[in-house]
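What follows is a set of structures to go through.
In the two complexes that follow, chain A is the common piece, with chain B as its partner first and chain C second.
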Partner chain A sequence: MKRLKYIFQRVFMMFITLFILVTILFFIFRVIPGDPVSMFIDSGMDAEGKAKLMELYGLDKPLGEQYVIYLKNLVKGDLGRSFTYSKPVVEVIGERFVNTLVLTLTAMIIAYSIGITVGSYLAWKRNTKIDVIGTMVAITVRCAPIFWTGMILLGIFSYKLGWLPLGGITSPGQQFSGYFDKFFNLDFLRHLILPAITSALYSSATPTLLMRSSMLEVIKEDYIELAYAKGLSEKRVRNKHAIRTALLPVVTILAIQAGFAIGGSVLVETVFRWPGMGREIVLAVGSRDYPMAQGVFLLIGIMISVFNLLADILYSYLDPRVTLN
Partner chain B sequence: MKNNFKKGLIVFLTFALVFSFVGCAQQVEEENLGGQEQNNEENEETALNPENKVPKIEFWIFSQTKDPIRYEAGLMIAEAWKDLGFEVDAQVLEWATMSAEGFKGHRHDAFIVQWGGKPERVDPYHWLYVMHHSETAKEGGYNIAGYINPKYDELAEQFAFNNDPQARQEAAHEMQEMLTRDVPQPSMFKRKLTQSYNGAKFENITPGIGEGLYSFWNFVNITPTGEDKILNFGAVTDIQLLNPLTTKKGQDQYMLKLIYDPLLRIDENGEIVNWIASSYESVDDTTIEVTIRDDVYFHDGEPLTAEDVKFTFDFAMETQAPYYYSQIKALESVEIVEENKLVFKLSKPFAPFISNGFTMCGILPKHIWEKEYKEKGAEAVLQWENVPAIGSGPFKFDYWRVNEEFALEANKEHFYAPQIDGILRIPYTNDYGVIQGQIANEVDMNGANLLPMDLEEIAKNVDIETVEIPDLGSYIMHFNMRNQPFNDVYARRALTMAIPREAIIEVVMGGQGFKAFNPVAAENTFWYNGDTEELDFDLEKAREELKEAGYLWDEDGKLYYSDDFEATSFLSE
Partner chain C sequence: MKKTLKILKNNKAGTVGLVIFITFVFIAIFANQIATYDPMEIQYSDKYEVKRLQSPSKEHLLGTTWMGRDVFSQMVIGSRIAVLVGVISAICVAFIGTNIGLIAGYYGGIVDKILMRIVDIMYGLPFLPFALILVAVLGPGIRNIILAIVIITWRNSSRVIRSQTLSLKNRTFVEAAKLTGASNLRILYKSIAPNVLPTSLVYVSTTMASAIMTESSISFLGLGDPMQVSWGRILYACYSSQAMFKAWWWILPPGIAITLLVMSGYMMGRVFEEIANPRLKER
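Moving on to the complex of A and B:
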């Protein structure tokens, strides 16, 4: 009962946060200089034509009125129509979202697989050369800008060696009958490898280091000593007893990191020409496509909020020591 | 508790230290300046009134990643202006901001725009009337400099609202003389457009005037040499909107020109040729008779008739469809008089109606658009996605995977059927990506202008050939005559004479460019007036003109107005 009340409270807070986010997003984009029409100088439209376009976009109305209209549509689930594509924002984001999701999920799975195994291994081998080097490598990878890492990998594997494609999600001229057909073939996997690895490398440093310090804490605990005393092998102690407890903070970080990663990994998508949400944000802001920019940022906000909420709830289940006061 | 206090104290002390350094430095600067001013006053016999100082110029330039040419050229020009004695603050601005504030809002001092030389601009209506007539000096209008000259307006109106080519040419020549003398927004230089394609896989290239490989004629004439009959072409950014009435992007229009047919087309040399119209005649100043072909079909099999033509123009006028309406505003009515004949009546003579209106407005299928219009209303139709786009052109819409690839299929039943089987358009995120695509033979054609370092790069693939065409557009420096110092023609002339054109072309463009002084291109032989004043780089002459106009320099070489200075708007009366 207490838990349910806690969840309701958190969900309510989430909605308040999102409402504030929507408002800030709305006004920020309209306050910065620039508009979605005046930058197209070779469009063949004269001043009246451009004014007409602004009218079509609903931008000739007073700001307050625009805001109310936006909110009214928002509660109906209508995020407006993109100025760039003239399609409903929900449709455009939907298409991109799948692409970003595939990339992010793959990257997270790889990152956390590496993170948990390497992190626990380093902790086990603490204070040896392996530990020191391993930690240094993790920190270096995390500090290297992700686009730099991406470009280096592109340079080596695509340009120099020619093993992998230059970017994009498919080879030119391919046709597909549906999602399954598109995503489950070798060509797609070849395009997925480099961006996924780049993103994974960058994201793996956090779980690695976190797992390591978490393990270090756990190893000192009494019940580990008891496990040894019982006569269990080192491997069994590590895998069955230590890792499970050490996983707790890492799991919650996973939820939070996933929320941020959905944000679109703008840099990776730009370097690898991956048609996801990240690239869309850059294009939308640059061309002042307000509905798109607001829509994408709102989605990211929702993702982060939801995942944070999930992380909190998950933790309250996993760790019986946590109370809900 | 104690630990926290210690930490807080250390942080506080660090900040205090940093701020005191900054404060000291500022004070020192101010003291120095104060000292300088005192020195100036003591040394000058006739002390220059600081109120007469020529105001600082806020010069907006592009960022290096957005356009390296305008960035570097901008910095060089700013330096030259400083040499002359102007105070210049070169600021990098994002294009969205620059276009809203300067291009539309006219709140700028100076910025550079690279104007495209499209075939529709062969008739210099855009360059001479739209950019310089006083009626377009309002917000959003293309008279960005705010040039208001009644004599010029008179000539411009003679030029635009008159069908006699001789009279138009005379007016155009005189207008060019005035513009090169008054320099409200002078042309500076233009690119030698260098584009590239795979010469081993495709031949029979037709680089069209102003557009080169992007020209309609290139797409329909280009011929495959071997097995691969699909032309892959790479570009930065994807197609955005296939609605011919409201699309904003030039790239979209290149594709729409292939899908839709207009009544007339401008050929690769800038001449107007018949297309859907098999003939046309200007019966009088405001009446045009058009006869159309009877062998044209839309991609869904329906025939293209006079009904579709009438519908297209009526519909554009009624909904004020931005792209179409801008070209056909002078239209009063269009009536079908016989099965394949229409009569267009204009409200007043408007010469560009034929050269722009008939060539830029693709004919829409009435049976599709009328239905859409009746069901959803004007607003929805203007914003309609229009996928698949059904036209009558030499290419049909095939499929479009957004941000992945866009495909057109050849329409072999068309009266001017293409030689290739289809076009595949692939978006990359930057120029470099497209070039790498060319080297890897993923891309057969690249319409982007190649810079010297790009040329070095494509040399890696021996099949890649280049084609050079002169740009019909130019880089134009937009002054703002509404602000000082640009309200004075002598200041503008001096600033123009300080632009180091030769150096910019050599250093920044690697020699791939030409000087330009006139918005009308030299290659545009009928309209171009070659006998105009050319204010090329000459700092001496600039200083002389300034001195004669009543400008003074102080000890530091900074410009001041003389006490009795009066600004002259323009020299052409």
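Moving on to the complex of A and C:
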């Protein structure tokens, strides 16, 4: 019951946060000097045509009224019309959203597989050369700019070796009958590999280092001694007893990191021309298409909030010491 | 001070970080003397042809770009932006974050509630997309990039400083100061603040690292100052010319420099962490 109340409170807070994000963003875009129409429509248009367009996008009304209309539409799930695509933002965003989600989740799975395996191995080999080198590699990868790592991988595997495509999500000229068709074929996989690995490498440092220190804590516990005393082999103690307990803190940070990775997808998606939300926000900002930028930003904000919420709830289940207020 | 030196002596990573950082600061200060050419100048050969994508030579230590510009000079001049953005953002963020944490923790009640709610909301902001939008709206340039970084990152330190202040304000030395009739401000800044200083120094160095990363990311996305050379901008030029795969001397140096400088920030953070929390020994 107490937990239910806690979750309810967190969801309530999440909505307030999102409401404030939407408000901040709405006004940020409208303080730009100059009217938005002149930004995206060629200057040859006459005054009448311009006025018509302003009316179509609702830009002729006072700011306060625009804001109220925007909020009303938002509740109905209408994010406005994109200037560049001349389509409702929702229509464009849907596909971008799925593309980003597929990339991020793939990257997270790879990152955590690497992190858990390498991290527990390094802890087991603590204070040896392998441990020192491994830790240093993890820190270096974490400090290297993700777009630079991406460019280098692209240079090696696509340009020099020619094994993988130079970017994008599908080869030109392909038609798909549905999502299943689109995501479960070799061509898509070949496009996915490099961006996913780039993103995974960058994200793998956190679980690696966390798993390592978590393992080091666990190894000191009494029940590990006991497991040895029972005559279990070292491998069995590590895999059956130590890793399981050490996983807890690593798993709880997964959700937070996934949210963070979605925000960071801006860079990876730009390097690999991956048509996701991150690249869309860069394009939208570049072309001053603010209904689009606002929509994508809101969606990224929602995803981060949801992931943070999941992390909190998960944590309250896993660690009974967390006070629920 | 003596203690600090001793910690530095035992903390190899911290010393290495400090050395790397000081080296870059040195390069940034004397950039004009070290750079061999004007970084934006297009270099011509004797036959008046643009020196496109030349590999490193005695004349051009790190070769030339697609536009025929000297990479070494660009790297040297670019260090100024990195160091400047890193240091200024770090100081601003630590100053704002520490003060908000101190005030929230010390005064408590409604002040604390409001400030911490604002921090909660800030945590819901997607960092890079927000910085990107802010810079695009305010206009590309270093000043606005620093502003965007500061507006978002102060949230990180304020929470930790707040909880430290909470535990400090009930300690006897603070009680004693209260009994002598010291004003709130005096207690806050004379008694409590010096004790949270090492922790805010941890945030100075880690913020420096993340600020440098953010600046190069935003510049890479094409929103840097078009009139100034920065490492992120070199990579942006390299990426958009599509010649990057042919010129390792163009793509490698900026990335390596960013990695080193960012790493030095985290390494120096380890030293302050040890000063702030002496029980925390290097594992």
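Just so we're on the same page, the second predicted complex is superposed on the first by the 299 of 325 C-alpha atoms of A that agree within 3 Å, B and C clash if a C-alpha of one lies under 4 Å from a C-alpha of the other, contacts with A are read in each partner's own complex, and residues count from 1 in each chain.
Quick note on the criterion: a residue touches a chain if its C-beta (ideal position, glycine included) is under 8 Å from a C-beta of that chain, and two chains touch if they have at least 3 such contacts.
The structure presented is a predicted model; accordingly, all values stated were derived computationally and were not measured.
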item: Touched partner set for A:Tyr159, first chain B, second chain C, both or neither; value: both
item: Which superposed partner A:Gly286 touches (first chain B, second chain C, both, neither); value: both
item: Touched partner set for A:Leu267, first chain B, second chain C, both or neither; value: second
item: Touched partner set for A:His241, first chain B, second chain C, both or neither; value: neither
item: First (chain B), second (chain C), both or neither touched by A:His191; value: neither
item: Chain B versus chain C as contact partner of A:Ile300, first or second or both or neither; value: second
item: Doubly contacted residues of chain A, that is, touched by chain B and again by chain C; value: 32, 159, 270-271, 286
item: Chain A-facing residues of chain B, complex; value: 94-97, 99-101, 103-104, 113, 115-116, 118, 120, 130, 136, 138-142, 230, 232, 237, 240-241, 243, 246-250, 253, 320, 322-323, 325-327, 360, 379, 382-385, 399, 401-405, 407, 424, 426-429, 433, 436-437, 440, 442
item: Interfacial residue positions of chain A with respect to chain B in the complex; value: 32-35, 37-53, 56, 81, 84-87, 92, 95-96, 159, 166-170, 172-173, 175, 270-271, 273, 275, 279, 283, 286-288
item: Chain C residues within the chain A interface of the complex; value: 120-121, 123-130, 132-134, 136-137, 209, 213, 216-217, 220-223, 232, 235, 238-239, 244-245, 251, 254-255, 258-259, 262-263, 266, 283
item: Chain A residues touching chain C - in the complex, by the definition given at the top; value: 13-14, 16-18, 20-21, 25, 28-29, 31-32, 126, 139-140, 143-145, 147-149, 151-152, 154-155, 159-160, 213, 216, 260, 262-264, 266-267, 270-271, 278, 281-282, 285-286, 293, 296-297, 300-301, 304-305, 308
